[in-house]
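My structure is below; once you've seen it, I'll send some questions.
By letter and in written order, the chains are A, B, C, D, E and F; residue numbering begins at 1 in each of them.
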Amino acid sequence: MTCTQVKALRDPISIAAEKIRKLEVQGGRNVAIAAITATENLASQTKAITKKEFLRELHRARETLFGSRETEPLMRNAIRLIIDQVEKNTDKSIRKLAETVSTASERFLKDLENSKERIAEIGAKRIRNNSTILTHCHSSTVTHLLKKARQDGRVFEIICTETRPVFQGKTTAREMLDIDVKTTFIIDSAMRFFMNKVDLAIVGADAITSEGNVINKIGTSMAALVAQEARTPFYVVSELLKFDPATMYGDYEKIEERDAAEVWKDAPKNLIIRNPAFDVTRRDFIHGIICEEGIISPHSVAEVIRRKYPWVFR
Amino acid sequence: MTCTQVKALRDPISIAAEKIRKLEVQGGRNVAIAAITATENLASQTKAITKKEFLRELHRARETLFGSRETEPLMRNAIRLIIDQVEKNTDKSIRKLAETVSTASERFLKDLENSKERIAEIGAKRIRNNSTILTHCHSSTVTHLLKKARQDGRVFEIICTETRPVFQGKTTAREMLDIDVKTTFIIDSAMRFFMNKVDLAIVGADAITSEGNVINKIGTSMAALVAQEARTPFYVVSELLKFDPATMYGDYEKIEERDAAEVWKDAPKNLIIRNPAFDVTRRDFIHGIICEEGIISPHSVAEVIRRKYPWVFR
Amino acid sequence: MTCTQVKALRDPISIAAEKIRKLEVQGGRNVAIAAITATENLASQTKAITKKEFLRELHRARETLFGSRETEPLMRNAIRLIIDQVEKNTDKSIRKLAETVSTASERFLKDLENSKERIAEIGAKRIRNNSTILTHCHSSTVTHLLKKARQDGRVFEIICTETRPVFQGKTTAREMLDIDVKTTFIIDSAMRFFMNKVDLAIVGADAITSEGNVINKIGTSMAALVAQEARTPFYVVSELLKFDPATMYGDYEKIEERDAAEVWKDAPKNLIIRNPAFDVTRRDFIHGIICEEGIISPHSVAEVIRRKYPWVFR
Amino acid sequence: MTCTQVKALRDPISIAAEKIRKLEVQGGRNVAIAAITATENLASQTKAITKKEFLRELHRARETLFGSRETEPLMRNAIRLIIDQVEKNTDKSIRKLAETVSTASERFLKDLENSKERIAEIGAKRIRNNSTILTHCHSSTVTHLLKKARQDGRVFEIICTETRPVFQGKTTAREMLDIDVKTTFIIDSAMRFFMNKVDLAIVGADAITSEGNVINKIGTSMAALVAQEARTPFYVVSELLKFDPATMYGDYEKIEERDAAEVWKDAPKNLIIRNPAFDVTRRDFIHGIICEEGIISPHSVAEVIRRKYPWVFR
Amino acid sequence: MTCTQVKALRDPISIAAEKIRKLEVQGGRNVAIAAITATENLASQTKAITKKEFLRELHRARETLFGSRETEPLMRNAIRLIIDQVEKNTDKSIRKLAETVSTASERFLKDLENSKERIAEIGAKRIRNNSTILTHCHSSTVTHLLKKARQDGRVFEIICTETRPVFQGKTTAREMLDIDVKTTFIIDSAMRFFMNKVDLAIVGADAITSEGNVINKIGTSMAALVAQEARTPFYVVSELLKFDPATMYGDYEKIEERDAAEVWKDAPKNLIIRNPAFDVTRRDFIHGIICEEGIISPHSVAEVIRRKYPWVFR
Amino acid sequence: MTCTQVKALRDPISIAAEKIRKLEVQGGRNVAIAAITATENLASQTKAITKKEFLRELHRARETLFGSRETEPLMRNAIRLIIDQVEKNTDKSIRKLAETVSTASERFLKDLENSKERIAEIGAKRIRNNSTILTHCHSSTVTHLLKKARQDGRVFEIICTETRPVFQGKTTAREMLDIDVKTTFIIDSAMRFFMNKVDLAIVGADAITSEGNVINKIGTSMAALVAQEARTPFYVVSELLKFDPATMYGDYEKIEERDAAEVWKDAPKNLIIRNPAFDVTRRDFIHGIICEEGIISPHSVAEVIRRKYPWVFR
C-alpha cells in the first residue's frame, strides 16, 4: 500500500474520530451513526485485496474510533457487529465483504430503531391511567415511550427535573406539553419533596455495566435512592446495545467531567468546579430494565446480552 | 382610645408586618429584628394607662406580626419573650413595662448573638484536620462555625452545592475562598457522586419541629439521605430559638413556595412550576443538632427547649 | 379494727378487682373508672382514724387492684395519683383525706377527658384535605380525632383493617360512615397492598414503655413496618397516662394471650392456637406520639412524663 | 367449514372457557387441566384438513381460553406448549397433529407432576431438624414438600397463618396435624409477633414475573417483609411454568379482586370493601425460588425459563 | 504559700495523675477511686485559709487530674461533684469544706455502688427464662446483672466473644461457668454466624456521649449492627456517670490506641498495626440503656443527666 | 476382577480420600490436585475391559472422594469434568479413555491456572491509584490480583484483618509488605472502625451457592455487612469452579467446625467452644464476583455456570 493509499484509507475514520473527540458529534446514537458511516466509507474505498488485509483495516479503524471517546458503548457495539459479520462471512470477494459492512451497519441501525419501538410498546403498558410519572434529564427513548402511552389513550401526569447544569429537563417538559400531558417542572434537589406522590420513576441510560448497574445523567442515582426510600418503582429504559462489555473485564465505566463553565461561568479564580456528567445507579435500586427483550432484572442483564448479542463479547 | 391613637399605635407594627409580608425583609434574623424594633417603637409610643391595656396592645401586635408570614419561628419567639417578660413584671408603671420591652428585646438579640458564637465554638471542634466537609446552601451560622475552625488552625476542604434556584452556594464558596479553604463547587444533584469522600456534612436550619425534624433549604433532606446511605455523619447547626412551638400543637410547618420565575423565567405557558423553598429532614438522618446548649440528639430537642426557654410554649 | 370492719373495707376494692380479673370490665378507661370508683367507696366508708391507717388501707387497695390484671397502666396511674395526693395532703382529718381521694379521682378523669379533647384538637390539624388515612383496630381516641377533623371541615378518606380476631375494624368503619367519610374496609394482611396510596397512618395505644415503644392491638407493628417501608408517616395517638412506669424498672410489658376460640372455634384437637392481643411497635417506626402535651418524639416520652406527671414514678 | 362444524369445534373450548370465567374451575392446576382437556377434545373432533386450518383452530382456542381469566400462567403455558409442538411437527397428517396435541398435553401434566416431586425432594433438604417453619395460606406444593421432609425423618414445627378471608390456613393446619407435625395457628397480623422464632418461611406462588417478583396470596409480601426485618430466610416454592411471559412484555400481573362478601357479609351499605386476592412480593425479599431446576435466585428466573422452556416466549 | 507548701499540696494529686497517665491504674472505676482519694488527701492536708484559696487548689487539682488521661468520664464526674459540693457549701470553715470533700467522695462512690445494684435489679428482669444472651468483652456491670438474674432463678445460656486482642471474654466465660450458666465461647468475627439464635445482646459502656452514642470495647458497634440486622434487642448497661459532658460541647470522645504488641508481638518491621481500644455504637442500634434511672432511650440520655446530675454540666 | 485387582484399583483413590479426610491435604486447590492425581493413577492402572467397567470404577472413585470431605466444590467439579469427558468419548479403547482422564485432568488444572491469571488481570483494573483496600483472611487469588495491580504500577494501601483463630491475615500482610504495599494490620472486630476510610473491600471464596451466596472464612459476612453500611463496594474474587451444584438441589453448604483448641487451648472444662470455619455472605452485599468470565452479578452466577461449565450439573 502506498502512503497516499493509507491516507485515503485513514481519512473517513480519522475525520469521524476527530469530530467525536472534539464533541462536535454528541449523544450515543449520533456518535454511533458517525462511526458507522465512516466505516462504510472506509469499506467502499478499500484497496485491500485479501480478507486479511481488509480485516486489518477494520481493526485499525476500530482502534482509532474506540480511542476517540472514553465511553460510547453504542458506537463500540456497532463496530463490533460490523467486524463480527465480516469475520463470519466466508466469501473471498472484497466487494462482498464491503457489502457486509453496509448490511451490518444497516442492521445495527434498524435494530436500534426497532428496539426503541419495542421498548415504547412494552414500557407504555406500565404507564397506568391517572398515574404520576417522574423522569430526570431528557431521554428520547423515555419520551418516545411516554408518547406511545399517550397514543394508547393513557392519561397521566409528569414531573420533570430541570437537570442542571444543561437543563435538559426543559426539552422533556416541552415534549410532554406538546402531547398535552400535565407537566410539572421542579429543580433537581426537590425530587425527595415530591417523591411520595409519584407512582413510577423512569429514566434513560447512557451505559449498562456487567454488574447490572446503570450509568446515566448525574442525579439519576439520587432519584433512584429517593424512589427506593418511598417504595416507588424505578425503571430504566434502554436498548441493550448500551451494555458496555469493557466493564465485564474490569474497566470502570469512565465518568466524563465536562466544562466547569457549564456550572458557573465567571467563577472565582481559586474555586474548583467538578462537573461529572453521569453517575452510577446501583442495580438494587432498579426494579427493571425495559429493553427490546422485555422487562428484565438488571442483575441478569449480562446473561441476556450473552444470549441475544453474543458478538458483543468478541 | 381615639381613632388617631389607634392609628398611631398601629403604625410601627403594621408597617413592619407589611414589609415582612411583601418580602422586603428576608431571612429569619432580619425578620425578627424588624418585628422587635417595631414592638419597641410601639412600647415607646404607647398611650396605654394600665398594664392590661398595654398587654392588649402587645397581643394585638403579636397577632398582626404572626399573620405577616407563615413560618418565622425566630420572630415569633422574640415576640413571645417580650410579652412573657412584660406579663411577669409586677410593676404597674407603664414606663417600666415599656422598658421591659426594650430589655427583653435586647436580651433576645444578645442571646441570639451569643448562641451563634457558642455554636461556632462547639461545632468548630468537630471539624477535624484534613477532613472534607460538605454543606448545602448558605447559612451564616455554618460559615461562622467554619471560620472559627479555621481560626483554631484547622485545615480542611469544603464541598458546596450550588443550591438551585437562587445559587446561595456561591456565597458559601466565596466566603470559604476568602479564608483560604480549598473549595469544590458542585451541582446539587452531584451530592451522591461525592458523598463517599465526605467526612462530615453540616447544614443550617430554618425551623425545628416538635418531633425533632429540621426544615431547611430544599435539597437538605436529600443530602441527609445520601449521607445516611454512606455512613457520613450529618449535623444541623441551629439556634434553639428556631424551634417552632406551633408544630407541637399539630400545625404542619408550612413550606413556602416561591416565585416560579426563579426556576425558569420564560417557561412555556401551560407548564406548572413548583418551587418549594424548603424540605423536611427526618430526625433519624441527623446525628446531632449543634446548638447553644451543646450537641444534642434531635429526638430530645423539644424537651431541651422546655427546659431552656419555657416561655416559648406560652 | 374488727373482722367485720375489715370485710366492709375490703368489699368495694375486692369486688372491683374480681370484675377486672374476670374481664367483666374491659378497655383501659373502663378498668380505670371501676378502680377509681371502688377507691372512692373505700375512702367514703373508711373507719381509719389516723392518716397512717388510711394510707395503709389505700396501699392495700393498690396491691389488690394492681394484681387484678397484668397490664393496665391507666388504672395503675389513677391509683398512683390518688395516693400521691393523699400523701401530700398535710391535713390530719380523715374526712378531708377522703375528700382528697374524690378530688384526685375527679381530676384524673377530668384530665383524661381533657387530654382526649386536646389530642383531637392537635391531631385533627394533621389530617390534610383530600388525604387518605389508614387506621388499624378501633380506638375511640383516634375516631374522636377524626371526627374533630371532619367538624373542622376537612375532607378525607379512611382505610380501616378488619382487625382479626374480634373485628374491631367494623366499629371504626361504622363510626366513619356515620360522619360521611369515604371508608374502605380491608383484611389485615392487605395493609402493604394499599400502603403506597396512604398519606398518613394513625393508631391508638394500650401502653407506652420507658424506651418509647408502643403496645397496641396485634398487627400494629406490621402496619408501622409497612408504613416505614413506603415512607408513610405513622402516628400514635395516646394519653400520656398510658405510660407504664413498670417498664422503666425492667418489667416487660406483658402481652395478654386471649381465648383460642376467638381465632378458631371448632379447631382440631391437637392444634396449638396462639392469640396474643397486642404487639410492640418500635419507636423508630413512629413519627410522633400525639398526646395532651402536643406531638412529641417517642424517644423522649419518659422525660415528658417525668416533667408532666412526676407522681407516676412514685 | 359449515356453521354446524364451527359450532361443534367451538364447543369444548367455549364450555371450558365459560367454566373458567365463572370460577366454576379454580386453582392454577385445575384451570390448566380444564383447558388442556378442552383442547384435546377440540383436536380429536377437528374437521380441519390442512395443518394451517388446524393451527387456525388452535389459535382461536387460545384466544378464547386466554380471555377467560386474567392471570392463569399455568393454563396459558400449557396451551403455548401444545401449539409449539404442533407447529414444530412437520407431519402433514391431521391425525398425527391431533396426536401431538395429546402428547404435548400429557407431557405438560407429567412435567408438572414431576416438577412437584422434584421440588419436594430439593426443598425437603432445607427443612432442618428441630426448626420452626412459617407458611402463609395453603399451597399443595408447599405441603407436599413438608410431607417429604417428614418422610425423610425430619422433625420440625410449623406456624401457619389463618389466611383471611377464606381461611386456607385451616387446610394447611389439618394437613400438618395429619402427619404429626406440631402446628401453631395464628392470625395473619401476628406474623411479626412470631417471626423472631421462625427459622425459615416458605410459601407457594400463583405467578412469577419477568422481573423476578412473585404473585401469591394477599399477605405474602408482608410475611416476606417481616422475614427480611428479622433476617429469616424466605423461600418461594413454585413450578417454573407459573412464569407469566406477558409480564416480560410490559403487562402488569392483574390482581384479581374477589367478592366483598368474603370479607364482610352484611356490611353497611356505603362501605367500600376491597378484596384483592394476591399481592406482589419483591425479588429482594426472596432468598430463593425452589423449582424443578433447583434453588435459583429470583433475579435470574426469566433467563432460567428462556433456557428450560423457550417455547413459553413464543 | 511557700514553695514547700506548694510541693506538699501538689503531691497526692500529681502522684495519682502520674499513675493514671502511666496506666498503672486502669479501668474507669479504679481511676475514679485513685483521683477521689488523692483529692481527699489534698483536702485533709490543705493549708488554705479562705474558701477561695481552697477552691483554687481544687481547680488546680482538677486540671492536673483531667490532663492525666484523655477520656475518663467517671473520674472527671467524681471531681466535678466534689467541687460542686464545696462551692455550694456556704460554711467558711476550711475544715468543714474539707469534710465536704470527703462527704462528696463517699457519696459518689456509694452512688456508683448503688447504681450497679439498681442496674442489676432492673436489668435482671430482662433476662427471660430459656433465652440465649450474647455479650462482648467483659463488663462487671453486665456480669453482676447476669448473676442477679441467676439468683432470681432465671435459666439462660450465654454466648461470649473472646474479645481480641486481650481476650477479656475469657473472664466473662469463667464468671458465667462459676454460676453454672451454659456458656459458649466464640471468636469475635463469628458474631453474625450465631446472632440469629440470640434473644438478647447486652454490653457495658466506657463512656456515653451527648448525642446518645456509646463508647465501648472495639467490636461493640459490630455486635450492635449485626443484632440490628437480625432484629435482636441490643441493650447497653451503664451507670449514668459514664456520661461525658465534654462531648456536649463538641469534643470528640478520644479513642485510645493501645500497644501494637497486644495485636502482634513479633510483627514485620514495616507493618503498621492499628489497635484502637474502643469504637462508637450509634444510638439507633441501641434498644435501651439500662441505668440507675431505669431503662431509657439513648436519644434522651443527656436530658436524663441534666435532671439527675445537673452538676455534671458545671 | 479378582479381589487383588480390586484392591490395587482401590488404592490410589482410598489413599487420597484418607488424606483428605484426615486434613493431611488442605485448601481447595490442593484437595482437587490430590483427587485428580489419584484418579489419573486409577486410570493408568485400570484392568477394566469395557467402557462400562471403566466408568463403574470412576463412579466408585467419585463416591469415595466425594465422601472424604463435606464441601470441596473444586475437587468435586474436577472429578465431574473427568467423568463427563470420558462419558462423551466414543472411543472404545480403554487406553484412549484413560488418556481422556489425563487430558481432562490437565485441562482442569490449566483452566484453574488460567482463571487465576484472568481474574488477576480483570480485577487489577478495579484497584485505583491511591485507594485503600480491605481484605479479610488470606486468599492467594486475592493477593495474586493485588500483585498484578502493583505490577501494573498502581499505588494503593491495604488493611488486613488478623483473621482469628488461625491468623491467616499475617500471611496476607507479609505478602503485601514484600511488594512494598503500605499495610495496616487490625483485629477482626475493628473492621467497622476503619470501614469509612476503605475504598474497596475484596475477599476470596471457598464455595459459591446456587442462590449466589458466597461461603468464605468466618467473618467475611460481617465485613460485607459493614461495607454495605458504609456504601463501600465489596467484591468477591473466585474461580467459577468453586460453584457447588449440590446447593442447587437443596443441600446446605456444610459449615465445617474446626478444633476448639484453635480458639482456646487450655479452656475451662465445661466451656463449649464453637469454631465454625466459614460463614455465608448474602448475594445482596456483594457488588460483583470477579471470575474468569469477568465481573458478574452474584444473582446470575448459576446461569453463568450453566453456560460455561454445563457438565458441572451432570
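Here, a contact is a pair of C-beta atoms (placed from the backbone, for glycine too) under 8 Å apart; a residue touches a chain by one contact, two chains touch by 3 or more.
No experiment lies behind these values; they were computed from the predicted model shown.
The minimal number of chain-to-chain contact steps leading from chain A to chain E is 2. Common neighbours of chain A and chain D (chains touching each): C, F. The rotation relating chain A to chain B, fitted on Cα atoms, comes to 180°, given as a multiple of 5.
Sharing over half of its contact pairs with A-D by residue number, the repeated interface among D-F, A-C or A-B is D-F.
If you average the CA atoms of chain B and of chain C, the two centres end up 38 Å from each other.
Centroids built from CA atoms put chain D at 59 Å from chain B. For chain A, the set of residues that touch two or more other chains comprises 229, 284, 297, 299-300, 303. Taken together, the chains touch in the following pairs: A-B, A-C, A-D, A-F, B-C, B-E, B-F, C-D, C-E, D-E, D-F, E-F. Considering their complex, residues 210-212, 247-252, 283-284, 297-300, 302-303, 306 of chain A touch chain F. Listing the residues of chain D that touch chain F in their complex gives 121-126, 128, 284, 287-288, 290, 293-297, 299-300, 303-304, 307. Those residues of chain E that touch chain D in the shared complex are 195-196, 229-232. Those residues of chain C lying in contact with chain D across their complex are 161-165, 170, 173-174, 177, 182-194, 218-219, 221-222, 225-226, 229, 255, 263-264, 267-268, 270-276, 279.
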